[in-house]
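Every chain is named by a letter (A, B, C, D and E) in the order it is written, and numbering of its residues begins at 1.
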């Protein structure tokens, strides 16, 4: 982990389809901080995470990062983060092990065998992803966090489709990451169990207003 | 609704990929009954629902239905049910209204305008489904229940990605359906709020055994 | 049942014109192939008249082939196939509606484009409506059998190429008869030539058996 | 970076070969396209020799296009594009790896199949290796420009129109030069004919600009 | 007899004792037919020694069509009655059929080089054999593309039945096309005027190919059934 890593968000405004949906969001997270984003459906949680990950440009405001080596520039920032979105991003015909090998190569890190063990998918290693149950697929998607080994985790409803054991496992994953000095930003409807250091409640625009 | 509708499952065994995953399941549900299926990830909840919907052949056992007009034969059975699976089944380029119109035609029933109002998606009617947030897409998928108007609802983790208001809305939907004499079978990790008349707990095969 | 069939037809037509592969890519291919090949061989007028009809038919068959891949594959992946299986209308009728939508969107456009293209290949003006009808009917044969192949291959990765393999033996007869019928039309022999009747026979057979076979196959894919 | 590029290359290659259809199917498509030609135009050897090479090239271009269409669309829909953007390796290199995998899997098979098929169109035996090289190089041109078009069109509402319109002007030169080079080879003029050099030029340009443009376009799609 | 054999156990018992006899008869017929044809029969007046390819070529052509007919019947049984044995039979037959069709194409091609001076001509008989070959390849490609075997079996049986409708149409259309194009009269069959000295070894070769098919079919069906039994027992 980068020592004294900071992730600061200042006065962020995000638009989707030409409509401003997120206004004036700000937080300043340091090593070991858990940032919880809440808000009703359509409030802009996913959009906000995609701004942080650098996929979407904010309308206003800035996302800055720094470590004790100084500020991290915009291009480098994206490489300090990893986003797990709503979609698992699996390829039906590839097996669990092939997915892991792909990510291990793509992110140039992580010990596949150990990760396979840790996410509990070892017995399913040879199964094509198409045949996984929803929760098994979600576990596989989350294993990317362990293979990419980035200091900042951006999680979009990570516990969806996970069973009780799966949620406990996820909490363990998040807690370990925080304990080792990482930052976790998660958009959730139900708390994942970790105690948030910052809460970002997106404006509870009702669906009716969200036209 | 069909008067004195019954859905009976006897000694059902289901296999996936040549491996038996669900063994000896049985229940007997009548009008207004809510059947809750629980079990860890990979226990076979989705597979069981697909057997009920007639997509998958059971290995052993039978699914039978009857009304007070007598037993309903296997082909007719599938037409008394509606399944909402893990996937929303939306077409990115089609708008919300176009989806509703399609289903209203496909299932030959339901008043689109009223349903659009009831699922709370009216302000988004002209939006292509691709731009919906996860929860909005789920609401749209669930609107099929109101358009198809079948007595038996099969729901696979219906509340995933729904916010608190969305879950309350779903509970209202389910309660109304039960009150009008329908049957609801739902696979869930968290209770959806309705009081189950039957509980089917699938064997908690751990992931490790599920190879 | 009529409402359900109409709904599927309308949705597939809309989808064909909106995103996805659409009708434009096959049309582009069709026009491109029929323009590029004579260009590449530097054909003169007489030559063009000779290779014109067969060229039109080979390109039309390949263009139809190109659109088949995602007909069932997309519906299988996103769960729309489940939705259709849960309808009260017979699944065969819904599959027929899907095929009809593809036929109108792609087949219609190509048949419409074929007529003016035939002009550049020295077909006389009065033969153009006949060439349009030939093409439109040939497309029934291509889409009927193509639907079956598409349903068989859905769920397979790179289904497109498997479909191509499966469909080829089925495309040979309509291509043979179609090219002959178009050549006869260009020679001024009118619509009801023997090859046209044989082509219509192929189309009828494809229309009768294609959707039934495709529905049986697609039902199996929904496991 | 090398590991990431290798990982993308390997994954795309695996995906291309998986599903059983892998080896047989592009072959089937191609064999099919070349079988359809004589069926449509008749068995006249001289005519076949003339129309064969250009049609071979048009179908090769179509086969390339067919596989490219979903290269980015699929990755965009299922979130795999996000995963690649989050890698440390330059995105351009990853896109190049994707293109290279497609080129090896599809282009290679088609080039291999093209040679024996040219035999059936009266090309002499010694020209076969030359035809293979022509095809393999032409495929670089198809995949380079096709990659760019696929990236531009992914996620767009009317993707079909876009791909067709974008790709056709870029495909015309390699098709024309390629067909000419193959025809020259069949006439026994050897490998380094003028059309071959022009074809190689097209391939180089596509190789240089395709992946960079495609990467820039795909980055925008990931919004 | 068919219904009795539909039971896999009974089939295994039956095939266990039939297989050796079938294999021996096939070997004997093959040895007699091929040595007679390839060594002792007279060379042709026009084609000289190259005519001997006929003894390999013609039986392969005939049986590759016969095997497809067999598959179509098996597929119908498999689709309607969901007979495990029927789809095993169809699949195993296809593997032999594709080899026969391929053999016919290759030997025909080898024969064409000396007699016609070309490896390939777009003659109607050649074209329909090529399309038959492609039909086989497509059928097998479908089998191997679908992982779930029960699903693959049903899909393949649909394809096979559709192909059975299509093959006569192909045959007719290609004949019609051939008559249209008068394909440079390459195909001059000497027809029934074949000498008895050539006819007898040919007939024996045809019978031999049939027995080879039968023996191979039994053997590969047995192997396939064993394989499925092992799979059904689950991973070790």
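The rule is simple: a residue touches a chain if its C-beta (ideal position, glycine included) is under 8 Å from a C-beta of that chain, and two chains touch if they have at least 3 such contacts.
Everything numeric here is computed off the predicted structure, so don't read it as measured data.
Listed here as common contacts of chain A and chain C: B, D.
Note on connectivity: the fewest chain-to-chain touch steps from chain B to chain C number 1.
Put simply, the chain farthest from chain C by mean CA position is A.
With every chain reduced to the mean of its CA atoms, the largest distance from chain E is reached by A. The pair with more inter-chain C-beta contacts, choosing from D-E and A-D, is A-D. Per-chain Cα centroids separate chain B from chain E by 49 Å. Mean C-alpha position of chain C lies 23 Å from that of chain D.
Work out the mean CA point of chain C and of chain E, and you get 32 Å between them. Chain A and chain E have centres, each the mean of its CA atoms, that are 58 Å apart. Residues of chain B found to touch two or more other chains are 17, 92-93, 211. In chain E, the residues that reach two or more other chains under the touch definition are 127, 131, 134, 137-138, 141, 145-146, 148, 174, 177, 180. Chain C has residues 18-20, 153, 156-157, 162, 165, 168, 172, 176, 223 in contact with two or more other chains.
In the complex of the two chains, the chain C residues touching chain D come out as 18-25, 27-29, 32-33, 36-37, 39-41, 47, 50-51, 53-55, 57-59, 61-62, 66, 69, 153, 156-162, 164-165, 167-168, 171-172, 175-176, 179.
Those residues of chain C that touch chain B in the shared complex are 1, 3-4, 6-8, 10-11, 14-15, 18-20, 78-80, 82-89, 94, 222-223. Within the complex formed with chain E, the residues of chain D that make contact are 19-21, 24-25, 28, 31-32, 35, 38-39, 42-45, 48, 119-120, 122. Chain contact summary for the complex, chain B toward chain C: residues 50, 53-56, 78-79, 81-83, 85, 87-94, 98, 101-108, 144, 148, 150.
Across the complex, chain E meets chain D through its residues 118-123, 127, 130-131, 134, 137-138, 140-141, 143-146, 174, 177-178, 180-181, 183-184.
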